[in-house]
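Shown next, in structure tokens, is the structure this report addresses.
Naming follows writing order (A, B, C and D), and every chain is counted from residue 1.
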Amino acid sequence: MTGQLRAAVIGAGYWGPNLARNFRTSPDWDLVAVCDVDRDRAVRVVGPRSTVDVMVSTHELLARDDVDAVAIATPARTHAPIALAALDAGKHVLVEKPVADDGGLARSMVARAAEVDRVLMVDHTFCYTPAVLKIRELIADGALGDIHFVDSVRINLGLVQADVDVFWDLAPHDLSILDFILPGGLRPTGVAAQGADPLGAGQSCVGYLSLPLPGGAIAHVHVNWLSPTKIRQMVVGGSKRTLVWDDLSPQQRLTVYDRGVDLGGATGLATGPEKTAANVSYRLGDAWAPALPEKEALGAMVAEFAASIREGRAPRTDGAAGLRVLDVLEASSRSLADGGRLVDAYPGVALETVA
Amino acid sequence: MTGQLRAAVIGAGYWGPNLARNFRTSPDWDLVAVCDVDRDRAVRVVGPRSTVDVMVSTHELLARDDVDAVAIATPARTHAPIALAALDAGKHVLVEKPVADDGGLARSMVARAAEVDRVLMVDHTFCYTPAVLKIRELIADGALGDIHFVDSVRINLGLVQADVDVFWDLAPHDLSILDFILPGGLRPTGVAAQGADPLGAGQSCVGYLSLPLPGGAIAHVHVNWLSPTKIRQMVVGGSKRTLVWDDLSPQQRLTVYDRGVDLGGATGLATGPEKTAANVSYRLGDAWAPALPEKEALGAMVAEFAASIREGRAPRTDGAAGLRVLDVLEASSRSLADGGRLVDAYPGVALETVA
Amino acid sequence: MTGQLRAAVIGAGYWGPNLARNFRTSPDWDLVAVCDVDRDRAVRVVGPRSTVDVMVSTHELLARDDVDAVAIATPARTHAPIALAALDAGKHVLVEKPVADDGGLARSMVARAAEVDRVLMVDHTFCYTPAVLKIRELIADGALGDIHFVDSVRINLGLVQADVDVFWDLAPHDLSILDFILPGGLRPTGVAAQGADPLGAGQSCVGYLSLPLPGGAIAHVHVNWLSPTKIRQMVVGGSKRTLVWDDLSPQQRLTVYDRGVDLGGATGLATGPEKTAANVSYRLGDAWAPALPEKEALGAMVAEFAASIREGRAPRTDGAAGLRVLDVLEASSRSLADGGRLVDAYPGVALETVA
Amino acid sequence: MTGQLRAAVIGAGYWGPNLARNFRTSPDWDLVAVCDVDRDRAVRVVGPRSTVDVMVSTHELLARDDVDAVAIATPARTHAPIALAALDAGKHVLVEKPVADDGGLARSMVARAAEVDRVLMVDHTFCYTPAVLKIRELIADGALGDIHFVDSVRINLGLVQADVDVFWDLAPHDLSILDFILPGGLRPTGVAAQGADPLGAGQSCVGYLSLPLPGGAIAHVHVNWLSPTKIRQMVVGGSKRTLVWDDLSPQQRLTVYDRGVDLGGATGLATGPEKTAANVSYRLGDAWAPALPEKEALGAMVAEFAASIREGRAPRTDGAAGLRVLDVLEASSRSLADGGRLVDAYPGVALETVA
């Protein structure tokens, strides 16, 4: 395939304009149309003195021959029907997170894309930031050693929403990042969720998610709509080094610390509680802040969408990745309903079918 | 009682030297002796050209007539026997946190102090910092409104210990602060704990504690020995305002934000999920950083110990406060052993007997 | 005048694209054309699927009837000829800072605009940021009291340039802000500049500017192209309160401190050096961070340009403001050439003719 | 010499207690006495249950046989007479900064110490902090390359004083650090000072000091008593790397940036202004934060005092270092009195006699 691919954006609400802007300025793409049931919103996204089409009917849009791919930025409950229709119409599909609002529907989407041989990609935007790409690289290269813990905090004054709780609104970001950086993807041995609704909003506005990982490690996610300050911080602790990602730091987003605790195993004689303290040693080494390029994540994301189409391969954040994130979200809802009990993330689903 | 009170410090390990220094420089106290089974450690605490006595026998120390009070800074498992002996010898007692390593023993200590009419105080040091005193005052004055959530993070590269896990080592700080600032003290409706031991140290090195509070609120504590960076931050979210305490900020420890989310209740007509989003409003007001005096907490703590003895009253952080903290610690151990299930904090104990 | 005003941007280099984007999305403006001698650069600014004209000839652009105003974002030495031609063609003119590279030419521009009754505005962008607007308001309302000192730091790894030194490149920002916030505008009693060229670049890469102000106050500007970290900070010290503006802080850009030093004058008896220390008192009050709206400065700037045209009035940052900034820049060059001696900012120019 | 050296501290005001505490806890020293004309102040420094002597007469103190060295922490104008008397009495002398309030007297002190073969050390405390020791090491090892600029900021709400201006109060810290870290010590080619007294305090409360260095480099010092926030930051820019020292950062005091601007010189053809821009290149590499030990500077300082006495050598911050700092202070006063003109730092003094 040569020349630019032709894209349309469906949904001109909160996120659609960002997608439209990036398709528009990408050398890989020609933005052909923006579609929204609210015509005025779509007009505002297209802007003045533009020949990009404005449409109100998804049906008509999908019938066009001059559109290779659609990006779906509509409410989560509409993802599956629109995506399935688009795949059936032969379009490649990029869909906002979460991939769907139901695991069964998401599995249908993944299956349909495979059947029609079209790309199904999930817009896990953070996976295309220079910081997350660097974190993935550092972990893959062994710079951190074995992962001991991941602590992720994503809190700010957020829009309390009518139809999703804070877990479904914010945690997909953290979970998609975990899925992207952990070797083998996100595969917790269980999910435990604690939430609170102090406002009486009808759903959790404050949430804590514990995800035990194989080998005694743990991931934990704190999401909160009620915090007056915005914090986006992730600590990834490893056996060799530990990394802190402060996404809002203007000067130093990523810091790798050569500090940690080691349990020596040499002597082999001591037993019982005394063993531990005797064999502990500390490293208090230097810190290191890798330089990160200044690149907009959405630009890299639409480039990856184009490349996966051109090369006939799965994109980095494919439907299966979206499914792993969705499974954990659904498990967190089950745990929440059961007093925070640790539940299986993938009940009755063999993991290989997820990947 | 006129003149200075006469104190002795028992235990010259990690914390004892700090207590000794503060008794020494306090106008309320005369430091008479420092006692440790390791004579050299005690000598180092006393320092050169000093006439403060060095002792190795607690028994001999408690037999002295010229000692009004003892401060116990020994391992937690020895707190109860030493404190009970000291109370029996007629001494007032200050004991390090946690008050004991067992709830039954701690109850004995509280009961004995009442019987012999001596002060039993727990060194919840943070409760005497200017920041925590201010937070307590702001909450008591209604500046924050109803408390919606408290999120506390206390992480750093800590000493992995042989006999206590990270909950018992670090969480007493957070719990004692919660007990001090929450109206009515720390009375969670349940306790859920998640821990991880990625090092294979034999106990949790990373811990998360969820404490649902009456009225839909929640407190959460994150303690961690494996973090290369030190964070001590507490966010207290209220219905009117929200407070952030960053204990390590050199410039601005306490910030009160006039920001938040309100659920309007005026219309009364809407029902179901739509209600929520329709009635949400946001305040994005100014922030305010109250000036805090520069005072060492331990100085204020030993002053309160003296004042409570002189005035024959309970100190601010008395044995009952220590007991409430201990009960939550014991509950967290039970939850941890049961896969993080939400457990009662005070099983079989009527709350009024705790207070 | 009704409907949108019609604008063209001249210069598609570093800053032109930002201007074009803001004219394009402003409800006040219709962006008609982008003009650059390098046609490809202009094409890139206009983007795909657009009907905005691309032009290469300023001459042809100025001859068009359907252009009400031009924004000039070309190198400083070309500002005057283009602006004068545009004014002669009846266009309103917005020009990048500095208004010109020569005071005489700038005076001609101001005079010509008055003759032809067209608006001449200088793009002092920072004066339209929410932070600077708030600072101006606080000073005007007397919240800071009399201004005692202003310390401005603007350092980062900057583009070492062939034709301007660091003073001419960066200090116009600081000087335009000073002109905007100080009651009566920027009117230093002298200018002293110290610079350094440690690279041997042929001009100063590090610069310090001292501007004594009437009444014993001082403003100071530190500009630096060689700093690996980016700092944009201004401290405005007043007799009542002091303000710190940290433009890169993600959380708290503006803080007003109710702290300071007061010289009491009550006793009236003491004389000589002893007087001072005896009568000094300190305020250590609270800090306060006013909420700032999230608005893009350039959007507010193009709105002000439109409003000044419609209302037939001088814009907030008019040619005279640009001239006051330019006069200080020229004085700093004279001081630099004379070993940092304090020189007059407005030699031979009565101040009233500047305003 | 074996065993501990015997010290006395003269002056129990602001700084004396810190010196006394460090002599007391140092294994090298035995603190014999504290001397102050105000007996109560000295008693408070010694504290209760202590056998350290309290004295009010310097004369009697200097007559004692059991004192090897004195530390002088009295007002600057008394440094010279006390130090000269102490040297004449055969004592080694440590003196607070500035070494004296007059260059001639300081030269006498240096000369007398040489004559009587006793150590004269200046308490340039910052030179013994782990951060400054590391900076000196990095520069000496060539890690930064040639030094291009040093920018030092030391501002806070300070005690406006009756007898010294802000330069004499705060700049000795910056100048002593510059003297310690710059290869060859502090030897500016000139000194230019700008000050302001907006309070009418009778002397500068805000000060800026420019110190051109050989080779086109510059050092600049900003000292300020009127700032509500405390900043202690030094940027050391080099041809290879640049270092930022933020002394108040709780997490990362020292950062070394592998970023900078290079002027290529290879082609050799271009001339004139075009040359510069064409040959500029940028490095945007990683940052690195060396681990620093947690050590109290004063402890290291009194250890160096002892070591220099025992080894019969000049201490790291000897009288000559104090003299170089004093010469720049005196030059800054001359520049200030002359409208900020660049003046010689060492008029009529051959530099070799200073070193």
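Everything that follows uses one rule, which is that a residue touches a chain if its C-beta (ideal position, glycine included) is under 8 Å from a C-beta of that chain, and two chains touch if they have at least 3 such contacts.
Labels paired with UniProt names: A, B, C, D = Gfo/Idh/MocA family oxidoreductase.
Note that the structure is predicted; figures quoted are calculated from it, not measured.
When the C-beta pairs in contact are tallied for C-D and for A-D, the bigger tally goes to C-D.
With centres defined by CA atoms alone, the chain at the far end from chain B is C. Our note on geometry: chain C versus chain D, Cα centroid distance of 38 Å, whole angstroms. Mean C-alpha positions place chain A and chain D at a centre distance of 52 Å.
Each of residues 229, 255, 259, 284, 287 in chain A touches at least two other chains. Across the interface of their complex, chain D is touched by residues 146, 148-149, 151, 155, 157, 159-163, 192, 194-203, 205-206, 208, 210, 212, 215-218, 220, 222, 224-229, 235, 237, 239, 242, 244, 255, 257, 259-261, 263, 273-278, 280, 282, 284, 287, 339-342 of chain C. On the side of chain C, the complex with chain B involves touching residues 252, 255, 259, 284-291. Of all residues in chain A, those touching chain C in their complex are 24-25, 30-31, 47-52, 229-230, 248-251.
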